[in-house]
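Shared between the two complexes below is chain A, which pairs with chain B and chain C, respectively.
Coming up: the complex of A and B.
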């Protein structure tokens, strides 16, 4: 019995010793929810951090701090010197890059965040038009916590599949992949609001071009399978036979809801290289302006054809643009690597080949139904 | 023939429990980060390496059981003395004890490193190592049946971690596995060789065999356990190759834990923190069995009581964990130990079986000759 008591005292003392580990009490820490990186005026990195200080008695306080240092950890120390609370990064949700940083190289930022165990792999990344600091520092009338706001903005759009998803994992995956380049959403301030304004294309770790937000649908549809997503396109007059139209018009606007899309890539010629890109989209037409008789199977088929033609054109345009800037955000190289044995592909080699790549886009567009009113 | 180990039924275990013993002893710290080591050699064919390593364990275990059956009820230590005589036998026994110690130490140190890197960077190594050692000492003093119980619960209670692999599969691209067999066979074999550190543990069979009640039923649970281990390693490897891209996998130190790092539940933001802590339960059987195996050898060498042995052993392990501090040192130990373990676990048992078989035939002939004369 005595022996047992001795042991339990030893064990108990360890339980208490365990309390000696560094504690992080919510009231005493500042939670970094968002970090924006810019190139500093004097030092290498200017960091703007949105820090939420939880206060049990009053409303939580949001601080936006800009510091300059040579490393991101150094910036954290600098920020610590200006705050009464210890800064923690475990709740970080978004990382923003100023345009100058993105055009320089993201490698350092990807690595430093991967290294840190307390940064989750699920945080979102985006590029800011211009500099990150002014976007974050602006005093918005209706936005209380800019960090939380941008996170919700991106999350909501990604979940709805309006915008491509760029989490740290995906970015790092594409960055370290031989046959794929990374892409990120672009955000900008639009008066009192923050807006997702486009997609940034990267070559390696450098941002080389942008696409307007409208094109993110095409990027998404070629990049991966698509579940729900609203999209609107304008059909040219020559795309659609006028007999289907109830009223003559120059342009027809169609809004549809892609219920499901599926893409298949096939390498048909290794030397060029040439790919067949087959995309199947099942959708629900939501709006057509001016009206088309959707009760008539013929005019539905005509509409399908017209949309197919239109999508093929648009997708080819987006791919051609990405080829021009040598940024393979669609992962054609990945397909090439996995099909061609002993290709010894490297990123540079692929970029060379990507320029001259040929893609045959085939879109198969099926209208499942329209609304409840014909 | 060597004197068989005499045991009372109370000290023995049922054969089916060997499933938990072998499986529990195999899975430990290696699985947290074995991917990149195999990937370095075999690239996207790494999963074939895992499969090959799994097959190798079956072959080696087959030989082990054959050897043990020749001697009826004896362990590796007894067999070595019988085959090589007192001096060389005892020397080999001492070497094997040292092997167990290094294995024990490397599991312990690696786990502490993981805790420090992921969760508590500021906690002292001495504190974590002392805490773990006390638990192990506690389990050890309970005897073999308690250790087997630990391994049983360790497996049952950690079953739920396995389905978590389904989450990262959301981001998986099957194309990463293609083209299959692009890398030459040599590099795939090299990858299989690098699996050693991760897949060892089943050599505990050599020591625990005399303690099994129904020895004729040993084969099935042991091979099932090896199969289960191979299956788990294979699934983890497949998911990792498809989830990470080439360069990223090579740079991720604990790929399995990073795999978990984006899983989050409404009630639990970061899943891998729980996984890291929970891993203690998974490595407990590892540690206990190596300690116990070393003890079985030590009592043949010197007259020592269990308590004295376990305190001495823990003391050295404790000193070791304090001395070895940096990642580079730990990596060196892992690599060197992996290389040594390859010979101890994969080459030596086959040799031993051949020698034992030869010796058996030889003595049988001799006896026959004697009878005739």
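Coming up: the complex of A and C.
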């Protein structure tokens, strides 16, 4: 009898507990795929959300809504008042920041999204040149769903390693760790298309400078390892011995894809501080214009030397630029902190040191193959 | 009912005094004898009494005896000669099974079983000659467990035919056959078959005891017996295999299992049986090991798909829209947009329709059954989507899981798969993935607690018997599976001396 009572209590609790679970039935929710933040009037947060709604009448449509409020949850409530469906953020893929927000401080936005359990940590973040709202509200001729489009655009470029990756997880890690600063892709509207136009450098939560999209290769190669990236560089005439050239030219453009890259940082002097940065790249040369004789081992060795020289120069330039604006996006500070005991490093202290840091860039470039047909 | 488990030797059988009617003797006079038989059998219409002057009477039940041998071997013999005593008559009959009985009850029992009773006037004995003829259909292909490659013969309803089939597969004097009688009214013959020297004695004893301890009045099919002698009769999961394939039966017996055949039933019982063995088909032995492994993994996948696919759909659409891949989001929500019900109701409705179709198809004659298939597949499926009561994608999922449930080689297990889906769907609709997990844990714990004839049901996964996984959800080449499964605790562990898989070239 007791056993039966126990079982019936369990069964009965099933019935009552049924009401406790909150349902989010797929066709009753409006799915936010992208959110853009701007600074609105009177220092309020202006949120532009791309929301996909499915209605039986229209197959499905994409709403772009801008609301202004003091908090992002308040913005969600505002948006709810305008839509027939409950707005949920579980399918959000991209967060965009207007330039003014990025230049102000990102701390609040990183925190709120990190604390929200239904926001995935894998969503991409990017900065918009100018404001986010106009980019999202523009009626593109060939882009049906701007939220999905931007997500695929960033994802594709990150997977191909053309652009640095900035997911919420990575951003939060960089933001809260001492000795590393944020870097995010920049996007802008280019007529009827959306374009990844550069890399934003941050100092703490503030955007301080930008690098052109071309330089994201150097940022990436110093930040982490490389597996598939394709890159094109221009070798100046003085870098390359003229005897290899089949006909005289002012410059040579080389396209290569790095099959594998490996970087090592070594702290050689604590006081200055001074780092050795050793980068090993194994690569495949795809195109050389104008042509040089690649059958000759000597000319290949020469080409390697020339590319090494070129890369060293470019990487040094990028690092120097980041030092100028005190944004350590490469994580030299982390290396410093993990090497030097009791350094009691703080963000401010490191930014001071970073300005005067010396880096000896050392590139080891190996051409494994040159073209498939030879 | 739950039976006390095994190996308890202190079972004192209560000694019963034989009832008095069992001791009534056969009468001297033929007239008295006939009258007492008529009284005992309630004077049935098919009781035939034939007197052969001067002193002999034949009593038998029509159609239970073989007419030809009755005429040629008995009547012809008795008409031409004169016999004074039952002994001389017994010697003269050219029939293999002839006995002399002096007890009335015994005589009647054998007569009901198909014997001719011969009484010589003036003697208190009766001669019973067994010339039983049983109606049974011819051997045919096993309909419920058909195979592409393998023998195409199945058991039929005759116990003696079935045993002779097995004896033809296992030509060995070690094949033991014990005959038991069950059912106080039906007196059904049940045969217990096992290999002496392989099968574990304790298991045989346990099974024998479980069968003899049964006090029931009727036993019409082996499925009923299997349910009653299961370790846990209340579980949905069958713990003993029902098979109609003699090759599968023999394979199990040679592994050290014990088989039970019930007269009048075309399904034989095999035990102990583990959970994974329900997903094995005898055909796996006939295929190359790579293909057999693939097919077994396919069936296991089908099991999980069948049980969890619909609940996953319900849970994802009701609670966890986050997990739906982005590419799938738009088609899914578009196909759901017209449906007015919540996903749980939609799924239950469609599962209900599929079950209706299956049940209707199983009950109807074959010709009409095909029509039901068309009606169900095309008309209801398409119409339901167009009418907007289900989504396309759910229709695919439900059809897929129904299809997957039929890949189970055991029909009994297929039924279980179809049944346990419903509570999981409901739990998924209540609490999403938490509900599915709850159901999963419940089923897993339940399975872990089961045993089959005292052997662990989830073997070889729990308890982990790594070497036996070679022949569980995968099948390794025959030299690697030379050991009998420990599930049966066989007396002889090795099937044969294993040779190396790749013999070295000499």
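Convention: the second predicted complex is superposed on the first by the 351 of 374 C-alpha atoms of A that agree within 3 Å, B and C clash if a C-alpha of one lies under 4 Å from a C-alpha of the other, contacts with A are read in each partner's own complex, and residues count from 1 in each chain.
Keep this in mind: a contact is a pair of C-beta atoms (placed from the backbone, for glycine too) under 8 Å apart; a residue touches a chain by one contact, two chains touch by 3 or more.
Being a predicted model, the structure only gives us computed values, none of them experimental.
Undergrad: Counting only touches as set out at the top, which of chain B and chain C does A:25 meet: first, second, both, neither?
TA: second
Undergrad: So, A:148: does it touch chain B (first), chain C (second), both, or neither?
TA: The second partner, chain C, only.
Undergrad: Quick check on the superposed pair: does A:176 touch chain B, chain C, both, or neither? Answer first, second, both or neither.
TA: Only chain B is touched by A:176; chain C is not.
Undergrad: I'd like to know which partner A:120 touches here: chain B for first, chain C for second, both or neither.
TA: A:120: touches chain B and chain C.
Undergrad: After the superposition on A, what does A:167 contact: first (chain B), second (chain C), both or neither?
TA: The answer is first: A:167 touches chain B but not chain C.
Undergrad: When the two structures are overlaid on chain A, which partner does A:341 contact: first (chain B), second (chain C), both, or neither?
TA: first
Undergrad: Answer with first, second, both or neither: which of chain B and chain C does A:55 touch in the superposed model?
TA: In the superposition, A:55 contacts chain C only.
Undergrad: Between chain B and chain C, whom does A:13 touch in the aligned arrangement: first, second, both, or neither?
TA: So A:13 meets neither chain B nor chain C here.
Undergrad: After the superposition on A, what does A:156 contact: first (chain B), second (chain C), both or neither?
TA: neither
Undergrad: Name the residues of chain A shared by its contacts with chain B and its contacts with chain C.
TA: 14, 17, 21, 90, 120
Undergrad: Can you list the chain B residues touching chain A in their complex?
TA: 117-120, 122-123, 127, 130-131, 134, 138, 171, 173, 175-179, 182, 243-248, 250-252, 258, 261-262, 264, 269-270
Undergrad: Can you tell me which positions in chain A touch chain C when the two form their complex?
TA: Answer in residue numbers: 14, 17-18, 21, 23-27, 29, 31, 33, 52, 54-56, 59-60, 88, 90-91, 93, 118, 120, 148, 151.
Undergrad: Can you name the residues of chain C that touch chain A in the complex?
TA: Counting only chain C, the residues touching chain A are 316-322, 324, 326, 329-330, 332-334, 336-339, 342-343, 430-432.
Undergrad: With touch defined as at the start, can you tell me which chain A residues reach chain B in the complex?
TA: For chain A paired with chain B, touching residues are 7, 10-11, 14, 17, 21-22, 90, 114, 117, 120-122, 167, 169-170, 172-178, 180, 331, 334-335, 338-342.
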